[in-house]
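Before anything else, here is the set of structures, which you'll find just below.
Paired with chain B in one complex and with chain C in the other, chain A is shared by the two complexes that follow.
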Partner chain A sequence: MNTENTFIIDGSPIPFEPGQTVLEAALKADVFIPHLCYFPGLRPNGNCKLCTISINGKHSSACTTLARPGSEIENNTPALNDKRRLMLQMLFVEGNHFCPGCEKSGNCQLQALAYELEMMTPHFNHFFPNRKVDASHPEAFLDMNRCITCGLCVQASRDVDKKNIFILSGRGMASHVVINSPSGNLGDSDFSMSDKAASVCPVGAILPKHRGYSVPIGKRLYDGVPISSQTEFLKTRKA
Partner chain B sequence: MFELENAKTTQGLRRVAIDPVSRVEGHGKVTLLLDEQNKIHQVRLHIVEFRGFEVFIKGRPYWEVPVTVQRLCGICPVSHHLAASKAMDVIVGAKQLTPTAEKLRRLMHYGQIVQSNAVHFYHLASPDLLMGFDSEVAQRNIVGVAMKYPDIAKQGILLRKYGQEVIHYTAGKRIHGTGAIPGGVNKALTVAERDKLKKDLPQLIEWAKGGVELMQRFHEANPAFYNSFGLFESNMMGMVREDGALDLYHGDLRITDAEGKPIFDRFSYDNYTQILREEVKSWSYMKFPYIAELGPEKGWYKVGPLARLQTCDFIPSPLAEAARKTMLAIGNGRPVHSTLSYHWARVIEILHGLEVIQDLLNDPDVLGNDLLVKGERQEEGVGVIEAPRGVLIHHYKVNEDDQVTMCNLIVSTTHNNQAMNTAIRSVATQHLDRRVITEGLLNHIECAIRAYDPCLSCATHAMGKMPLQVELVDAAGECLSLLRRDAAGNFHNSDMYA
Partner chain C sequence: MSFDNSSAVGVLEPILERYSRNPHHLMQILRETQEHLDFIPQWATDYLAEALALPRTQIQSVIDFYAFFYDSPRGKYRILFSDNVTDRMQGNMALLSRMLSKFGLTQGQASGDGLLSINTTSCTGMCDQGPALLVNNHAITRLSSQRIDQICELIKEKKPLAEWPAEFFRVEDNIRRKDVLLATEMVNGQALKRAIELGPKGMLAEMKASNFRGRGGAGFTTAVKWEACRNAPGTTRYVVCNADEGEPGTFKDRVLMASFSERVFEGMTIAGYAIGAAKGFVYLRGEYRYMLEKLQATLEARRKANLLGKDILGQKGFDFDIEIHMGAGSYVCGEETALIESLEGKPGKPRIRPPFPVTHGYLDQPTVVNNVETLAKATLIAQNGGAWYHGLGTKLSTGTKLLSISGDCDHPGIYEYPFGVRIAQILEDCGARNAMAVQVGGAAGTCVARHEFGRKIAFEDVSTSGALMVFGNNRDMFEVARNFMHFFKHESCGFCTPCRVGTTLICDTLDKIANGKGTAYEMNELSRLHQLLRSASHCGLGQSAGRPVNDTLQKFRPSYDRRLKQKDFEPAFDLDAALIPAREITARDDIDAHLGADQ
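Moving on, here comes the complex of A and B:
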C-alpha cells in the first residue's frame, strides 16, 4: 500500500485523498467514528466533539482535522469512548430528550450513539429546560428543548438554502438557535420542508408535521443495524 | 352522604392504614377508623399520587399524543394508545378507517384484553382465590401458585405471553408500541406473523375455558361467600355495538340501573359531557364520576368486566356467550353484583378475546396494506374504548397550529372510584367489624380492590414489590403498634413505632 496517502486508525491503514479530513477518509473506508454535527457537503465545524480522536497522542476533532500520511490515530478505544459517553450524557441532560414519546426515536442519531456507546444512565442532574416550542409553521414543528446546537440547520439554511432562517444566538451555555423572522416564529419565515435545513437535524428538534410515527418499530433507521455499521448511509447523505 | 364515608366524629377513634395497597400497580391507601371495640366508623380508598398528564400534554403536537399518553400505564398501555388514536382520528377527519386498519387495531386491542386480564386474574388475584384470603402470606403470590398449582400458573403466564405477542405484531413492541396513528395504523401484518399467531390459538382457547371453569368451581364450592363478599348493588356502564352486542373497541355507551333496566339505552360517547359529571372530594386525588341527572349519591356506577357483560345483550362469540349465561344464572334473573364475580367475568373476557382474535386472523382484511385515511381537519375529538378495567374516555382539543390545548381523561379506575370505596366498606362491615385486625383480614380489603383494579397507575405511578405497613394510631395520632411486611414478604410486628 502507498504509505504516502495512508494513515493508521486503531492499527489499520486508511487511504485518503489530499484535502480529506480524518472523518471523511475513515467513513469512506467504512470505519466508524462517532459524530453528530458532521454532515457530508456541509463545512465541518467541530461543535459536538463526539468525533474526538487521539492523533499521535493528542486529542483532536476528526471532522476538522486534515488527514496526513503516517498519522497514528486511536479511535475505538475504551478511554475515548468513555469521554464520548460523558459528552453524550451532558447533551442528554442539557435538553429534554424523552425518547419514549419522541417521534424521532429509532431515527435519532443522538439516541443511536447512546446505544452504540452503551450509555446506561444520564449520570448528571437533568436541566429540564423550558425552551421554545414553535408550531407556527404549517409544515414543520420545532421543539428547541431537543436542540443540541450542532449548527447543522444554521449551515444548511445559510450555505445551501441561502435563506439564513436558523441563527445561533448567545454564547457558551446560553447559545441557542433562533429564527430569523419578524416575530421570531418559523411561520413568519419563508422556510419550506423542501429546504435542506429541514432534513439535517440529527435529533427531534425540527420535524415534519402530521407524519409522526409513520414508520413502524422495527423498520426505523437504527432499529435493525447499529449506527456503527451504517457508514454507507452516513457518508452518502447529501447536503 | 355514603355510609362509612365520613365518621360522625373522629374523637376516640383509632386509625388503621393499609399503605400502600399491595399487588396493585400504583399508589393507593386505605384508611379505617375504629373505636375501642373495633367497630368500623369510616373506610376510604385514597389515591395519593398525582400524575398530571392532562396538563403536560398541552402544547404537544396531536400526532404525538397516542404514543405519549400510553405511558400512563405499563399494564394496559394499548388502551390509552387506542383511545387517544380514536380521538385523533376525529381530529384528522378520518370518519371511517380502512377495513385493514380497523381490524388491526381490534387485533391489538383484544390482544391487550387477553394479556391484561390474564395478568390481573392469574398473577395478581389467583393467589388469594387458590390459597385463601388469609393464607400464609409468604405463599400468597404468583410464585406460591407456581409451586402449588404449576399448571394454572403456566397457563396464566402463557396466556399473557400470547396477548403480548399479538400486541408485538400489531404495535411493533410488546409494551408501549406505536402501531396506531391518527387515521389508521403504521404497520401491516405479514402472513408469517398471522400464521404464527394462529398456530397456538386452539391450545390457548382450551386454557381460557379452563380458567372459566376454575372460577365457576370457586363459586360452586362456596357460593355463600362468593356471592356476598363485598356485595353492593349499583348502576352499570358498558359499551355496546349497534345490535346490542358487547364490543370492546367501538360502539355506544349504555347505562343500566342495579336491576339491569336501561337508564340510557345508548348514547354516543361524543356526548359524555352531557351525561356524566365528576365530583371532587378533599381526601382523594381521584375524582368521583356520576350520571348528571341522577346526582352524585344515586348516579354513581361501576364499569369493567362484570358491568359490561351485563349491560350488553350478548357476547358475539359462542364460547364466551355460553359462559356468560352460566355466570348470569347465579343471579336468578337479577343482575350479578357480587364483587368476586368480576374475576369470573374477567376470565370469560379472556375467552372472548381469543375467539375474536381467531376470527380476525381468519379474515383476509388483516393482511391488507391500505392502512391510512385522512379527511377534513377538526378541532375537537373524543375517543372511548373498553379498557380491560372498563370504559376509558380520552377527550382533546387541538388548535390550528396542531397543538393540544385541552385534554380530559376519565380512566376506568376513576369510573370505579365510588364502587371500590363501597366494596371495601362492604368488606369492612362483613369481615372486620368488631374483630381483632390481622394481616389476613386486611387482605380481604385488598382483595376487594384487586377484583376491580390491579392498576391504580392511571392516577398514580409506582413499580415493584410493595411493602405493606399497617399502623394502629390512637386519636391523638400516636402509633400504638405496627405491623409491617417487607419486600421479601416477611411480617414484622412491634408494639411501639420504631
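Moving on, here comes the complex of A and C:
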C-alpha cells in the first residue's frame, strides 16, 4: 500500500486517490460513513450533515472534505453517532414520515439509517407541516411530506438530465422543492421516469405510479442487510 | 393583475436595459421592479425569466429567499418594525400593537383595501435611535406613540413617502468618541496617491507591517488575504466591500457609509490597486436603501475627479470602478460566500469552503471580501505607514475598533477605541451605570457578565465585529437570549439540517420554558442542541446560533431556573389546545368542551 496516499479512519488505514473526498475513499474501501445527500457522480452537496466526521479533532463533512495523507479521522464513534441520531430525529420530525404506509419502506435511506443508528423514537415533537402532494404526472407521484431538501433531484435534473425541473426555494424551515413548469405541477413539466432525477431520491418523495409493493416489505434492499454492510451497492450507484 | 404586455414593457424594459439584461443583476432588477409595482407579480417573474433566459423557478427562489421581496401584494405602505432586543427594550411591541389596532390588522396581514401591511423584521441598525421601523425599506427612527399616530394619519391620507416629514427619516451619526479613523481629516485621493507611490507590492508590505486584522469579526490578517488573492490564478479579480451589517446591535458601518464613504471607496480602490482588481462591489444591506442615491453621487464625483475609472490619477493601466449592490433582507449574506452567491443574483446560501473566495469568489474568480471598517482603515495605513499603525492597540490586535453601543446607557452611539480597552472603561464612558451584562459582538457574540467587565476588547480576549449592547439590572437575560434565538431561526438559510431544524427546536424549547412548562429536561436539551449546532452546522450562523443560550445558561442561570417547574419533565403537547379544531367544528366553547377545566 502506498503510505503517502493513506489516511486513518477509526484506526484503520484507508488508501485514496488524489482528488477523492473522504467519503468516496472510505466507501471504496468498504468503510461505511452514514450519508443522505451524497450520490456517486453528482457534485457533493454537504447539506444533510449525516456524514459529519472528526478530522484531527475538527468536525467536518466527509462528502465535501478532500482526503489528505495522514489525516486521523473518527467516524464510527458513540459521540459522532449520537450527533447523527439527533440529526435523523430532526429530519423525521421536520417532515411527515409514516414508514408503515410508505411505498419506499425498506428501500429508504432515511429509514435504513434510523435503524442503523438505533433511533428508537423521534424524540422531538413532530412539526406536522402542511406539504404538497402532486399526482399530476402520468408516471410519477411527488410527495413533499417525505422530502428532506437534500437537493439530489435538483442536481440530477440540472447536471445530468439538463432539464432544470426541480429547484430549492424558500429559506429556513420554509425551504422546499418547486417545479419549473407553468402551473408549478410536475405534470406540466417534461419530467419522465427515465430521468436520472427520478431515481436519486433517498426517501420516498418521488415515486413511480402504476407499480407498488412489487417486492414485498421484508424482502427489500435494507430489510435483510443493514445499510452499513451495503457499501458495494452505495458506491456503484451511477448518476 | 393579469399579464399586461404594455405595463411589462413600460415598467420592466427600462430596468432591464439599465442592468444590461445581465442575470447576475437579478437582485437589483427585482428590487427596482418592486419599487415600481409594490410587489413582484407573477407576470413580471414570467417576463423577467424570458428576458434574462433564467428558469422561472430560479427567479421565484430568489424572491422566496429574501425577506424584502414579495410575490403577493403587501400594500402600498409596507411597514416593518425593527425587532432587535434593543427595540424591545425601547418599547417597540407596544407601538406595533398600537399601529395594528389603528388599522384593525393582525401582524403580517395585508389590509383588504391594499393600503398597507405591518410586520416585524430583524435589527435594522438603528439601535442608538430606536425604536425604528422601515416603510417601503426606508428607515424611520425615534418612534413614539405620537410619531406612530402621525404615520397612521399619513397612510390613511395616502400621502406619498416623499411628502412625509423629513424629520421622520433623519438618521443621526451619534459619534461619541473619535480616534485615528474618525478624527483624521480626509483629503480625497491623498491616500490613493501615496499607495501609487508605494506600488502594489509596497502597499502590501505596509499592510503586512501593520499586522492589521479584518474588522468583520473573524479577524483574519488583511495582508494575507490580499496577497493570496493577488497571487491566485485567474483572469479577473474583484474587491467586495461587505456592508451587509446584519449582526443585531451593529450600526458602525452605517455611519461609515453615511458620512465616511469617501474613505471606504478610497480603501476599496487601494485594495484593487494592491491585488490587481479592476472592479469593486459594495454589498449594502437592504435596510440602508436610503443611502443609495447619495452614495451613487459620491461615486460619480470620484469618477469625475479621476479617483475612479480609467488610468486613475494618471497611472496608466490602473483602472478601477465600483458598483453598489443592494441586499434584500438576509443576515446570512454577511457570510462572505453567501454574499458572493447573492452578488451573482442567487439565494444567499453559503458555499462549501474550501475553495475560499481569494481563489474562487465572484464568478469563480479571485475575490477579496473585506468589511467596511477594514477598507476605510486601509487608507490610514497607506497614508501613515504600517509601522505607525502597528504602534496602536495591542500586539495581537493592532489599531482601533469602532463600537456600536446601544441598550441601557445614557449616550448610545459610535465609539472608536484603541484595541485593548476594558469593558468597564467603555461602560463608564457611555454612561451605563447599572449594567448587569454586555452582549459583545451581537447575537452571535459573547455575553459578558458583571464580574468579567475587566476584560478587554481585542481578538485575544473579547473579540467583536462591533456591537455592544448594554443590559441594566432590571433586564431579563432569558428574554434577551430568546429574542436572539428567534432572530437566528428567522435568518437560517435552511441549507443544512442542524441549523435549519435545530434553530427551530431551540426556539420551541425556549418558548416552552417561557410558557411555564419548562423543566430540568429542557435545560439538558438546550445544551445538547447547542453542541450539535456548534460542531455540525455548515457556516458560522449555525455554529454560533446556540451561543446566546449557552452563555446565558452559564452566567444567568437563575433567569431560567425561576421559570422551571419543579419536575423532571412536562410534555409540550397541550391536550386542550389539540381540541381547538373540534371546538371550532362544533361551535362550542363552554366549560365542558375544555379538558382540565375542573382543575
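Definition applied: the second predicted complex is superposed on the first by the 238 of 239 C-alpha atoms of A that agree within 3 Å, B and C clash if a C-alpha of one lies under 4 Å from a C-alpha of the other, contacts with A are read in each partner's own complex, and residues count from 1 in each chain.
Throughout what follows, a contact is a pair of C-beta atoms (placed from the backbone, for glycine too) under 8 Å apart; a residue touches a chain by one contact, two chains touch by 3 or more.
Note that the coordinates shown come from a computational prediction; the quantities given were computed from them, not determined experimentally.
After overlaying the two complexes on the shared chain, residue contacts for A:103 are found with chain B alone; chain C is out of touch. Contacts of A:93 after superposition: chain C is touched, whereas chain B is not reached. In the superposed model, more residues of chain A are touched by C than by the other of chain B and chain C.
In the superposed model, A:149 lies in contact with chain C only, and not with chain B.
Interface of chain C with chain A (complex): residues 55-58, 60-61, 64-65, 330, 347, 352, 489-498, 500-505, 508, 528-529, 531-532, 535-538, 572-573.
The residues of chain A lying in touch with chain B in their complex are 100-101, 103, 133, 135-136, 141, 187, 209-218. Across the interface of their complex, chain C is touched by residues 44, 46-50, 52, 59, 61, 64, 83, 86-87, 90-91, 93-94, 124-125, 127, 148-149, 164, 167-175, 178-180 of chain A. Residues 59, 61, 63-64, 66-68, 71, 92, 171-173, 176-179, 181, 186-187, 401-403 of chain B are the ones that touch chain A when the two sit in their complex.
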